[in-house]
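Following this line, the structures themselves.
In the two assemblies presented below, subunit A is common to both, partnered first by subunit B and then by subunit C.
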Partner chain A sequence: MPDPRLGLVLALADDELVLGHRHSEWTGWAPYLEEDLAFSSIGQDEIGHARLLYELAERLAGKDADALALGREPGEYRHAILCERPNGEWGYTIARQYLYDTADDVRLASLEGSSFAELAAAVRTIRLEEKYHLEHAGQWFERLANGPVEARQRFAHGLEGAIGEALAVFEEVPDEKALVADGVLPRSNEDLLGEWLGRLGADLDRVSLDWVLTSHTGADGEMVPTSSGEIEAGPTLTVPGVERRDGRWVHVGEFAGQGGRRGRHTEDFAALWEEMTGLYRALPGATW
Partner chain B sequence: MHIWDVLSRRRDGDPWQVVGSINAPDLDLAMMLARETHFRHGEGTTFALRRRGEDQTHECPDPSGIGGVVGKEYRRQEGYVGVGAKLKRVHALMAERGLVIDRPRPRGHRPRAAKEAAGA
Partner chain C sequence: MRTETDTLEGRVRRALDGVHDPEIPACSITDLGMVERVEVTGHAVEVDLLPTFVGCPAKDLIGEDVRVALRSAAEGHDVRVRFVHDPPWTTDRITDRGRERLRDVGIAPHWDRPDGGPIAISLLSTSSPVPCPFCGAEDTVMESRWGPTPCRTQHFCRACRNPFEGFKEK
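So, the complex of A and B:
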């Protein structure tokens, strides 16, 4: 019977490793040189955090950190599906970074109070660097949301594409009830999701982009005015499980993109895994 | 887009020294980008920015943690240290598998040799 803490630590580590890998794909391609370096550094930070967490998982799993990071089959990774999605364009990348890092901040703040002392200590260290990721995401959030029309549109489109799957960062981890009871998880993921949605809703309200959180339905759905004044059925924009109640965004029902915490991933991860683990699989234990 | 000169204090008490420059549209983004592009390996204890052509310097409001706090030794490019010995090891490993490098690199990939040949 594996230690229930392992599933939690792997979920945290795999999120950082896989998203760090995606960030690194911008190296050489970011909108301009300074940002290219900045984003590459953030990618390296995330991979560094993953290593710290894999080292913590070593004794729970009985495997070394490299084997945990690179020696598992795709179905054994526990990251949120959001992290494995291709970068797409800059608007999606920044939307995802903003959503992930704000969500990560909420859960890490909680984990600082974990009864798993080594995890709490690692999280305190990680947060010292994560504050810069939040700053980076915040700077770009403001510029794109308040920027020229095209930048705002692309950012809004990126948010629309990412928000549904971002909710599943807070998908329940295996054995979550036991972890909460033991204080390893000071708060449940559902509780943390509520806090994050409040923060997200406030940020989006402030720049009048809260509509990206709104659930629309297609055929029998909401009616919206067109530029000619006619009324027609609105577009299908589906974000399962988010509703506005008493002025607050709350989570209800299912997640989009759930399954990551149980090892269910998309075809996007298959290609990423092939590349990320290629050298390790060809030459296990290789050093350079 | 403006050019910002990046100034650093290598150690506490050192004078400001210009260490480079960056492009950024405003001070906020310039602060973030200067930290990420110039101080990721602990190259200084703090830094400041001065917009090119202006006298005012803007000191980083919170330099704690620049250079990172998590071990970053994997960021150092040490892969090319001792390349000769590594090459010998690779040749030996290849020989064990019955493989050899039996020809030099193509001439077009050896610019110095090609230049010498052209000059001769």
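So, the complex of A and C:
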């Protein structure tokens, strides 16, 4: 019986590793030098955070951190599908960074109070760096939302494409009930989602972009069976149930793009996984 | 009377002070406040280090340099070096000598902020209270929160018209 904390730590680590990998793809290609540096640095931070979390998971998994990061089959990764999507254009990249980092902030703030002391300590260290990611996302949010018509439209389109899958950052992790009962998770994901939606809704209301919460386009990638073989093929993307009640945005239904926490991923991840783990698979244990 | 430098712990600490961050060669890891714990017992020397940033790419290299330095300073002892993250490293750990050495190579050490949060900057250059490490003027702008390494920012001094770097506040 695996330690129930492993699923949680892997979900956190895999989110950071996979999105960090996507951020690193801007190296050399961002619209200008400062953004090239920004995404390269944020990516480096996220991958560093992933490494710290994998080192924490070593003991729970009985595998070393490299094997956890790079030696698993695609169906064994536990990240949210949001993190594996290609960067697309700038509007989507910024929308995703904003949605992910604000969601991550809500989650990490809560985990500082985890009864799993090593995780709480790791999270405190990580948050000292995440504040700069939040700052970056916040500045771009203002710049694009209040920018010229085309910038605002492209940002809104990016939000529409990402928002459903961003909700699924708060998809239940395996053994969540036990983790909440033990205080490893001080609050349930559904509870954290409520807080995040409140903050997100307020931000979007302020710049009159709240309509993206109900008119989102969903993602275009099809769900595919992963190598674990447990998952059946077929599109499962559904409209996230988000409603405005008493002036507040609340979650009322299914998640879009759920399944990441159970190892269910899209074909976008297959390509990323091939590249990310290529060297490790070709030369296990290589050092340089 | 034996002075500290005669003892094994003294030799170990001097050896640690001889290891430099390859990305900031002006500073030793002691200057940067990266040495969290040194324990010398009969057979072993144990050192805990704190990385400045969790994802610092120089971490493994620094760890290896420390091992090599300690093996020679504490010959015959079992050398154990590890990176820990608790307590978190913060810019407050940089020593006065470290701050001096950073300024010498054009990197402003951290600065005090009134509110404890990151300094507010707009996307474009704006005034920031970081004094220029070259001329001391406060008429400087932060040009980018992101620099050549995860722990550094980029600035420009309007007084002496030099670009300079800053240590990212943590």
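Here, the second predicted complex is superposed on the first by the 263 of 288 C-alpha atoms of A that agree within 3 Å, B and C clash if a C-alpha of one lies under 4 Å from a C-alpha of the other, contacts with A are read in each partner's own complex, and residues count from 1 in each chain.
Convention: contacts are C-beta pairs under 8 Å (C-beta built on N, C-alpha and C of every residue); 3 or more make two chains touch, one makes a residue touch a chain.
All values derive from a computational prediction rather than experimental measurement.
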{"item": "Combined model on subunit A where subunit B meets subunit C, clash or fit", "value": "clash"}
{"item": "Subunit B versus subunit C as contact partner of A:135, first or second or both or neither", "value": "both"}
{"item": "Which superposed partner A:121 touches (first subunit B, second subunit C, both, neither)", "value": "second"}
{"item": "Which of subunit B and subunit C A:143 touches, first, second, both or neither", "value": "both"}
{"item": "Which of subunit B and subunit C A:87 touches, first, second, both or neither", "value": "neither"}
{"item": "Contacts of A:32 with subunit B and subunit C, given as first, second, both or neither", "value": "first"}
{"item": "Which of subunit B and subunit C A:49 touches, first, second, both or neither", "value": "both"}
{"item": "Overlap of the subunit B and subunit C footprints on subunit A, listed as residue numbers", "value": "34, 37-38, 41, 44-45, 48-49, 51-52, 125-126, 128-129, 131-132, 135-136, 139, 143"}
{"item": "Residues of subunit C defined as touching subunit A within the complex", "value": "53-57, 85-86, 88-90, 117-118, 121-123, 143-147, 150, 168, 170"}
{"item": "Of subunit A, residues touching subunit B in the complex", "value": "32-35, 37-38, 41-42, 44-45, 48-49, 51-52, 125-126, 128-129, 131-132, 135-136, 139, 143, 288"}
{"item": "Subunit B residues touching subunit A - in the complex, by the definition given at the top", "value": "22-24, 28-29, 32-33, 35-37, 40, 64-65, 68-72, 74-75, 79, 86"}
{"item": "Sites on subunit A touched by subunit C in the complex", "value": "34, 37-38, 40-41, 44-49, 51-52, 118, 121-122, 124-126, 128-129, 131-132, 135-136, 139-140, 143"}
